[in-house]
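Each of the next two complexes has chain A plus one other chain: chain B in the first, chain C in the second.
Moving on to the complex of A and B:
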């Protein structure tokens, strides 16, 4: 397929289908993440990238045969590897023997959260999640470092403004609907953020939804209008504050005499401490994800102004 | 009373599924972009709405009903506007509708935007 737009759309459809596959498998949290990140915002960011690079793929510079051979060999090896694995869904598979029973039986007493996924993600595996947040933060910083170079002369900006004005003066229906929807999207993001302890959701999904509202605003009302609303320095700061909040919770639990990210010592009651810690680190995750997504979008689409 | 609710719920679900199915057939069978848009844009909103209403009748829990109601309101808002935006984008990028194209060229090639 030469048309990159179609490729990106296929990827989005694949993300949505795998999200529904996860729902069928009863993994609603993963499905939520896949739907918002895989089908939603990554499709959007790739589309913005396609507007930068051009819609059609360049002519072939490589031999597709060799790539195909490599793919076949790797795929064959992977399938060969699955032959040793226990039968799908079998109860005595190692994954069901090791730590999963403890999560299922004890997580309610230990963390007081009905949603086991959140307690695993934020408490038992807090270190892994910290790594993920740092990766997202690093991605945002990488985009900032690579794309904010370039001369910002006034002429380009005026030209870009007029282009965006032409694009956006006409879409009356879209503008009105966007105005109606954005408060609800933001509200839903907050719901997902703070209800993640009790139902599907959490910082990652909420951050992406929050960013989606801002990106929607920027797409419909134009980038220069959105720049007036959104302080980019604030978003850069926010992405760092999220990681700092996460790490800070870990350091505070260290100072209180526990291990890094051991929330039991945050309050007098271990369960209350767990609750406080999970809430705080989810908030940190949400801040970082939302601001990094906004930063990436603004740098991708703002790049177009300086050809 | 119970049987009335169940019957009407089943009817709504059936109608909604039929509408979604016909939209899906339409998007495959219709010849060009605008007719496909028409097939799916019209049936989709009503189909999804019917399914949501049917689900609401199935469920006695008021919280679930309120959530479904919110999804319904969102669908009613978003789906037609999405169709509108798609069709407008196609029109602004000079994709000629099939009826106009036939007069000029006399051919019925399918468009692939």
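Moving on to the complex of A and C:
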């Protein structure tokens, strides 16, 4: 396919379909993440990239035979690997026998969370999640380091403003609908953020949804309008603050005599400590994810505005 | 507080990175980064002492015991690699302030240090952890930071080089992830220690075989083992000088560490070396790598490219030592990890000094530099001698043990080939010496001054280490031997 727009759309559909698969396989938390990240924000970011590169692939098409061979070998090996796998849903598969029973039986007493996925994600394997937040932070810093544009002359700014003025005065229905939708999207993001302990959700999804609201605003009303509301330095520092909040919880548990990220020592009652710790770290995740997404979007589309 | 040291080794650089973002001034950010990296080095030194004195340290993240939670498990092997990574990072960092002044625009200095700290934290996190999935997470941190750091190079080709590395590195990381997923499916655990106990039961299944294949290929991409090395030369050549120095010395070493960890500790020697014909494949690829890359290095016009190809060749030596499959062979690999990190950081940092003064690393520009930058060129010659493996340098120590291991095993053709490979190193190092000392400076180039002290001090610290550890081998040999023996299950 030569049309990059179609390619991106296909990827979005792929993300949505995988999310549906995950729902069928009873992994709703994963499905939610895949829907918001795979089908949602990454499609959006890729579309922003397509506006920079142009819609059609140009130049000679080379046919990399070796790449195809490698793909076939990899695919073959993957299928070969499935031959001896335990059957899907089989109760005596090792994954259901070894570590999982403790998560299923004891996580309620140990962490006080009804959602087992969140208890594994945020507490038992909380350090991995910390690492993942840092991965996102690193991505944001990488984009900032490579794409930040220096200060531009006023002429460009005026021209860009007039282009955006034309574009954004015309789509009246779109603008009104967006204005109606944005508060609800933000509210939903907050719900997802704080409901992660009880149902599917958590900082990652909430951050992405929150960022989607801001990106929607910027797309419909123009980047310069959005910049009046959103301070870029603020978002840069917010992404750091999210990581620091997460790590800070860990450092406080160190100072209270526990191990890094041991929430039991955060309060007198271990379960209350777990609750407090998880609430704080999820909030840190949300801050970093939302601000990094906004940073990436603004830096991508900022380049288009001032070519 | 001593109990918390394992956590500190990672969270010091990891939390310093977001903090560093708040520092606007370049000098301040640099000082902060040097302090953070230096403290990490102190922590690693203490950890190594503790491990050598009293054995493996286990640290449970979040207070959850393994395999439910994530544990850090520090034995002699990773304490040793931790020391290499953190100390090289600290010494190279001393030159960063001077070097990036010329190579990176002022407004990106803070971000440079943030990414540097993230890359350091990622590498340390990969080495220190005892959890297979945690390896992947921290590998991603270090890789993403490394891609961005490389792309910051002033040459526009840096972007293309970083992109190539991004694609190859991501394929490598995905393969590792697939492998970890398959292992999890067959054992139900992600903890390395637990995996090593539960894998033998299911070792004969096709799923475990596929897992092993994916992990080995993925790690070898990161190692830049010939013929998967294509991303490396350009990435090293176009990255900012400091970044090249630190990545050349640490990131492929960490990947070699992972290779050792996965083959020896997790899958076990009997599985790795009997079920799969790994030994033969690795000896052949290692030797091919030594010869192909050294020969290519001889014909390079850019000295950064030259040393980058030489790095690919040196990785070949490490893989040969590893594939001999004896304690001495593994010991040679571990020694070469340490020694090669010392050589290449010294060499690339000295090249950074040349870049700082003449703005280019083309071999033709090196003419006459021997008299104009005597201390810098002397450092390059010393590093080059170490690369060849001349006695009284660290390069000799690792070659000695490698040849010894090959002979012990009766593989005398391998020993001969390893020595022949050193002759190739002599040729490419000689080309630089010839240009610098036996040619007149090119016409039209004005007077060139010696590099500033900001460069000379760290460069000479590293060169001195090259010579010191070449003569007093107690630290490196003892630790490498202990680590190799513990991996083979021999109690020292």
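Everything that follows uses one rule, which is that the second predicted complex is superposed on the first by the 301 of 307 C-alpha atoms of A that agree within 3 Å, B and C clash if a C-alpha of one lies under 4 Å from a C-alpha of the other, contacts with A are read in each partner's own complex, and residues count from 1 in each chain.
One rule holds for everything that comes next: a residue touches a chain if its C-beta (ideal position, glycine included) is under 8 Å from a C-beta of that chain, and two chains touch if they have at least 3 such contacts.
These figures come from a predicted structure and were not determined experimentally.
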Which of chain B and chain C A:181 touches, first, second, both or neither: first
Which superposed partner A:78 touches (first chain B, second chain C, both, neither): second
Which of chain B and chain C A:57 touches, first, second, both or neither: neither
Touching partner for A:243 - first (chain B), second (chain C), both, neither: second
First, second, both or neither for A:173, with chain B first and chain C second: first
Of chain C and chain B, partner touching more chain A residues: C
Partner chain(s) touched by A:139 [first = chain B, second = chain C, both, neither]: second
Touched partner set for A:269, first chain B, second chain C, both or neither: neither
On chain A, the residue positions that both chain B and chain C contact, one per complex: none
Of chain B, residues touching chain A in the complex: 74, 77-78, 81, 84-85, 88
In the complex, chain A residues that touch chain C: 77-78, 80-86, 93-100, 102-103, 123-128, 131-132, 134-135, 137-139, 141-142, 144-146, 148, 150, 236-237, 239-241, 243-244, 247, 250-251, 254, 258-265
Residue ranges of chain A in contact with chain B within the complex: 171, 173-174, 177, 180-181, 184
Touching residues on chain C, where the partner in the complex is chain A: 4, 7, 11, 14-15, 17-19, 21-22, 59-64, 67-70, 107-108, 111-112, 114-115, 118, 121-122, 125, 131, 133-134, 137-138, 140-141, 144-145, 147-148, 151-152, 159, 178, 182, 184-189, 198, 202, 205-211, 213-214
